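Every chain is named by a letter (A, B, C, D, E and F) in the order it is written, and numbering of its residues begins at 1.
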Amino acid sequence: MNQLVTDFNEYRQRMNTLILSKNNLVMKRLWNLDTNTYEAGAIDTKTKEMLGLVASMVLRCDDCIKYHLGKCFELGISTEQLYEIFSVANIVGGSIVIPHTRRAAEYWEALHDKHQ
Amino acid sequence: MNQLVTDFNEYRQRMNTLILSKNNLVMKRLWNLDTNTYEAGAIDTKTKEMLGLVASMVLRCDDCIKYHLGKCFELGISTEQLYEIFSVANIVGGSIVIPHTRRAAEYWEALHDKHQ
Amino acid sequence: MNQLVTDFNEYRQRMNTLILSKNNLVMKRLWNLDTNTYEAGAIDTKTKEMLGLVASMVLRCDDCIKYHLGKCFELGISTEQLYEIFSVANIVGGSIVIPHTRRAAEYWEALHDKHQ
Amino acid sequence: MNQLVTDFNEYRQRMNTLILSKNNLVMKRLWNLDTNTYEAGAIDTKTKEMLGLVASMVLRCDDCIKYHLGKCFELGISTEQLYEIFSVANIVGGSIVIPHTRRAAEYWEALHDKHQ
Amino acid sequence: MNQLVTDFNEYRQRMNTLILSKNNLVMKRLWNLDTNTYEAGAIDTKTKEMLGLVASMVLRCDDCIKYHLGKCFELGISTEQLYEIFSVANIVGGSIVIPHTRRAAEYWEALHDKHQ
Amino acid sequence: MNQLVTDFNEYRQRMNTLILSKNNLVMKRLWNLDTNTYEAGAIDTKTKEMLGLVASMVLRCDDCIKYHLGKCFELGISTEQLYEIFSVANIVGGSIVIPHTRRAAEYWEALHDKHQ
């Protein structure tokens, strides 16, 4: 399942490079700000990534979910914690979140596979 | 087009098994409740599946649409009825529902193909 | 609670008149089409209004909900049936549908009050 | 109808002041960036405000709609043009946009009333 | 501003009582499950309420936001932490979240006012 | 990248033919109306396609985005203008629009590649 993680990161990186090459200032500044948002402050980075993940899940954005799953994995969030985030997302957002939860569950396994 | 139905069901089943194996109690109970919701009551199952389908269409969830299309097919909803559900979904949800209607129309044909 | 129904209908009517007075052809034709969509066909009007209601609930549009509640009331949908539509909307759309369900429940009582 | 415009602007201003007083850097920078986005560039400000309006309509955000209506009014967009933006928003977003169109139509009249 | 909190809680309580009086089993069980979701587990209640809040903000549900703000207040989340949750919600969900952030900021002050 | 454009158009055309073959009158009339909406009026076609594009982006509909990108390309919208539309969509809709912006950027290059 390793391929899933590699493909996601490679496409994301390639397209980000393309977009930034067009020199749209608003896009550049928005992306910088996006990075700043998840930096440690009154709330630690781990909790902020959890916030980013649950927000991405209820808005049903698979790529955003994958990105935050990668960060949650790096920051050492446990599988038990992850599934509690899933449960909040599914209760708030309803059964339409289930298909995204399936793909999130698959990607979470892939992240573990990649690092074995 | 048979493959479309088989692939959907196989992936769905495999990921459901993965998710349930993690023993998150809220997820388990939510999924049970999801099943209960569509059982016959004051409204019959056929109408309830129609409700599930139109809700999935306006929320633009392709996998949810496929699931309810499968149920509608099993319960004997006609193609003429189905396209009237499509028309409600497209009027309420607008032209952004059209791409999902395309994939729904394709899957509906696949369901018939599978059972020939 | 009678006032709730009267206020909704009066504002809706007044603004529809304003909008149509501007003679935008697309708007006019879209509104006609909206009316046609709920006419009896392969699916009866009662079921179509249920479809319109559940779609409005998961998309969380209070005024659309009120409109379809009015139609469901006129067509003799029972309170038990209504709450089964509520249950589908809440399962599919999640807990964010609850506040809209509260206002829908209030309006349903108002509709009964008005006709007593 | 004058009151509608005054109330909107007054509340918006008062709450913006409250939020900025808390000195959250991301919020401050995001709001600056929001302003920059609508400045003239390869696309003129009039068209950009039209873009902001149609985006606010399909996302069904009444306050965002009011804000962009105010800007469109200041920039001299005609009522005929406005209703063509309404028609795009209603076709793309469907009948759930109608209640927001009603409130937008009312606010547009209020803007004219205020400046008489 | 005290009135804002009292009105919200009173209406919410009155409508919940109305809805539960209709004895729809799915609705009852869903609401119980909703309560269970935010109980302490691998993630503490404070973090779970933060997750509920950010999810409600990006989905732009004012009443859901008020409910979770009440919980966050009770659990001792600081204003600085709250505004970092606001910043995540605004970055993920965009400028359409701003009007909801205004009402959230107002309600947060009201919660403090009520308890003085 | 030529293949991306061909695949999109071919699938779209094939499914549109399937859907229209079922003779649902509401669907047919809605699609005609959809075409009328983007015809020149008080607003020119170029601006209308920009409106359709930004609406599709904030609603995060990849196929709708591709369709309007095709039209924008045909009507001679420049890459600099396009990225300003992207910036409005990303500011209004937030970081969840980014993955759709990536696919839009890729498709825009593909459109140029196809016509070389």
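Simple rule for what comes next: a residue touches a chain if its C-beta (ideal position, glycine included) is under 8 Å from a C-beta of that chain, and two chains touch if they have at least 3 such contacts.
What you are looking at is a predicted structure, and each value in this text was computed from that prediction instead of being measured.
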* Asked: Both chain B and chain D are touched by which chains?
  -> A, C, E, F
* To do: Compute the centre of every chain as the mean of its C-alpha atoms, then state which one is farthest from the centre of chain F.
  => E
* Taking mean CA positions as centres, which chain lies farthest from chain D? -> B
* Structure fact -> Between chain C and chain D, the Cα-mean centres are separated in Å by 26
* Could you state the distance in Å from the CA-based centre of chain A to that of chain D? -> 31
* Structure fact -> chain B residues touching 2+ other chains are 26, 30, 33-34, 37, 56, 58-59, 64, 80, 84, 87, 90-93, 95-96
* **Of chain C, residues touching chain E in the complex** => 60, 79-80, 83-84, 86-87, 90-91, 95-96, 98-99, 101-103, 105-106, 109
* Enumerate the contact residues on chain C facing chain F in the complex. => 25-26, 29-30, 33, 36-37
* To do: Please give the residue numbers of chain C that touch chain A in the complex, ascending.
  => 58, 90-97
* For the complex, which residues does chain C have touching chain B? -> 33-34, 37-38, 41-43, 47-48, 50-52, 54-59, 64, 78, 80-81, 84-85, 87-89, 91-93
* To do: Going by the contact rule at the top, pick out the chain C residues touching chain D in the complex.
  => 11-12, 15-16, 18-19, 22, 24, 26-27, 30-31, 34, 56, 59, 61-64
